[in-house]
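Shared between the two complexes below is chain A, which has chain B as its partner in the first and chain C in the second.
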Partner chain A sequence: MSEGSAADSFRLSLPADPKQVGAARLFVATTFRMLGADEDLVADLKLAVSEAASAIVRAQGLAGRILIEISSVASGETVTIGPLTADDMAADDGIAPGDVVVAVFRDARIDEHKHALVIPVNRPRDS
Partner chain B sequence: MSWDATGSGDSEADLFERRREPAALRELVDRYTPLADRLARRYQGRGEPLDDLRQVAAIGLLKSIERFDADRAVKFATFATTTILGELRRHLRDKTWSVRVPRSLQEQWMNVARASAELTQRRGHAPTVADIAKALDISPDEVLEAMDAGSAYTAGSLDAPVTSDEGAATVGQLLPHIDRNLDNAQDRVTVAAQLRALPERQRVILYLRFFEGLTQGEIADEIGISQMHVSRLLRKAIADLKHHLIDDSPSDAGPF
Partner chain C sequence: MDILTLDVAERSGRRVLMANGEIDLATAPMLEERLEELLSDGGVVLDLTAVSFIDSTGLRVILNAHQNAEDQAQSFPIVAVDGPVMRLFDITGVGNRLALFSSMDDALADE
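Let's turn to the complex of A and B:
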């Protein structure tokens, strides 16, 4: 996931443990607040990260890791979270995590090469 | 989107086709209530009881079932998530959650901050979440929740001047005095539980008037009847609703 990372990126690696989903959420929320994001965006990110991290936990089990990277790009930021496949995002208890994620981030997609969910977060830059 | 390939199944399309029938509506509601609950739980810890959040999410679910266009390419779960989140946010905004952190969470945040400072001083490096949890005898999740609240709810003072100029207005002076929407959300939740007892047309009119905020004229245009007729049906619906609220039996007080 770290391949080709921008210089100003934030990364976190956690055990794929249900107890760590909250930490994943907090990492993304705190980083985006630090970057000046409003609370609506932070709430959307927390929702998407919860869905993705929970999918990783289900797919990987305790031996796996949750890897999150937040990188700055021209239009805002990109959140990359994995390892995840399209199947992981479709697996569910009736409701696919992927369907929930695209409700808040329409352009979110699985990057087969990175083996991760990529969430483009477009927002006006503070300058 | 590769996980989006399957789309809604035939049986679901059929349910949406028949969504005005109580059995089909109930089936859709049952099927997607776990989604509504899941989204409601994401907004816990902001001073609103989970039960209230679930009720608000349930209203959002009902709205999305009503509005969903099964012919469009979007899946219902995605459409419903957007609608339910919108409803939850409106509710939380009505309750001014951004400046009203529950006292218990404020205290927890202060405890966490204090423990973190003490441990840092004692050990010469920042403590982990587990260290703080152990020091305070709370769970790591509670530490995380307090930290999240601490970073989210840093409210500015109402007495702070908006500019550095002498005599500048304060934030408080620029705010409207009364937020008339403040207590409406709870009322909406209570009333929503009774709406299903009304005839469909009255329900639609009430919904458009009080949930969507349309004027009587706009409602008339929307459903193709005269404004006089809308006015009459609205009066009738309110009278019926009052009747149901007064006579309501607790066993029938579910969200739908």
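Let's turn to the complex of A and C:
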């Protein structure tokens, strides 16, 4: 966090149900539109969050939760989504969800301490 | 909330499956079931022009259908235009493995 700046934080917790993957995308898209993101970035965020939320549902089953946090500071936003491990984002039969995420957000990574996927979002700012 | 609709139409003697909406973990099984049905009954053209979102779960269904069609010596033309579908095909590099067309007329001409 930059000196003296307070982070805005947006959080959502959803049941780990396939039907909630769309709600995870909607949350991220709505929040980033509110923060002024353009539609290309919103489309990439929806894809990355869909990959991560789907991996959570597969790994956790219906008893689990999809936890999403978007933190916004002057230098940019970070999307954190979990609980996830690197194994959860690996390929089961060809296309790895983790590869799709990294294709659109090169700096995205699994944070083993947070047990989550962390996506730093860099975008042009108005000021 | 039903975020994907699937309709079948007959065009130039071929069946076309038109997908409209979002293809993800919740809706991909619907698409998979319809494609299996249609591929086992003479083949299908898949129209993705009205798909507003797709992720790798949906892509996996399409790749499996493509493989099934190949195994049955059938063509499996797919109509897709610039947008989320082509973006996913591009970043995953699978576009060149599929029979992609930018118009329905071109797809219907595919044998």
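Quick note on the criterion: the second predicted complex is superposed on the first by the 117 of 127 C-alpha atoms of A that agree within 3 Å, B and C clash if a C-alpha of one lies under 4 Å from a C-alpha of the other, contacts with A are read in each partner's own complex, and residues count from 1 in each chain.
The criterion applied here is as follows: contacts are C-beta pairs under 8 Å (C-beta built on N, C-alpha and C of every residue); 3 or more make two chains touch, one makes a residue touch a chain.
In this text, all values refer to a predicted model and were calculated from it rather than measured experimentally.
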{"item": "Room on chain A for both chain B and chain C (clash or fit)", "value": "clash"}
{"item": "Chain A residues touched by each partner, larger count belonging to chain B or chain C", "value": "B"}
{"item": "First, second, both or neither for A:Arg109, with chain B first and chain C second", "value": "first"}
{"item": "Which of chain B and chain C A:Pro18 touches, first, second, both or neither", "value": "second"}
{"item": "Which superposed partner A:Val100 touches (first chain B, second chain C, both, neither)", "value": "both"}
{"item": "Chain B versus chain C as contact partner of A:Arg33, first or second or both or neither", "value": "first"}
{"item": "Which superposed partner A:Ser50 touches (first chain B, second chain C, both, neither)", "value": "both"}
{"item": "Partner chain(s) touched by A:Val118 [first = chain B, second = chain C, both, neither]", "value": "neither"}
{"item": "First (chain B), second (chain C), both or neither touched by A:Ala90", "value": "first"}
{"item": "Partner chain in contact with A:Leu41 - chain B first, chain C second, else both or neither", "value": "neither"}
{"item": "Candidates 134-142, 152-160, 206-214 or 224-232 of chain B: the single one with C-alpha clashes against chain C", "value": "134-142"}
{"item": "Set intersection of chain A contacts, chain C complex versus chain B complex", "value": "19, 22, 25, 43, 46-47, 50, 93-96, 99-100, 103-104"}
{"item": "Chain B partner contacts - residues on chain A that touch it in the complex", "value": "19, 22-23, 25-26, 29-30, 33, 39-40, 42-44, 46-47, 50, 86-87, 89-90, 93-96, 98-100, 102-104, 109-110"}
{"item": "Chain A to chain C touching residues, read off their complex", "value": "18-19, 21-22, 25, 43, 46-47, 50-51, 53-54, 57-58, 93-97, 99-100, 103-104"}
{"item": "Chain A-touching residues of chain C, taken from the complex the two chains share", "value": "1, 3, 22, 24-26, 53, 55-57, 59-60, 63, 84, 87-88, 91-92, 94"}
{"item": "Sites on chain B touched by chain A in the complex", "value": "1-4, 6, 31-32, 34-35, 38-39, 42-43, 75, 77-82, 85, 89, 98, 129, 140-141, 144-145, 147-148, 151-152"}
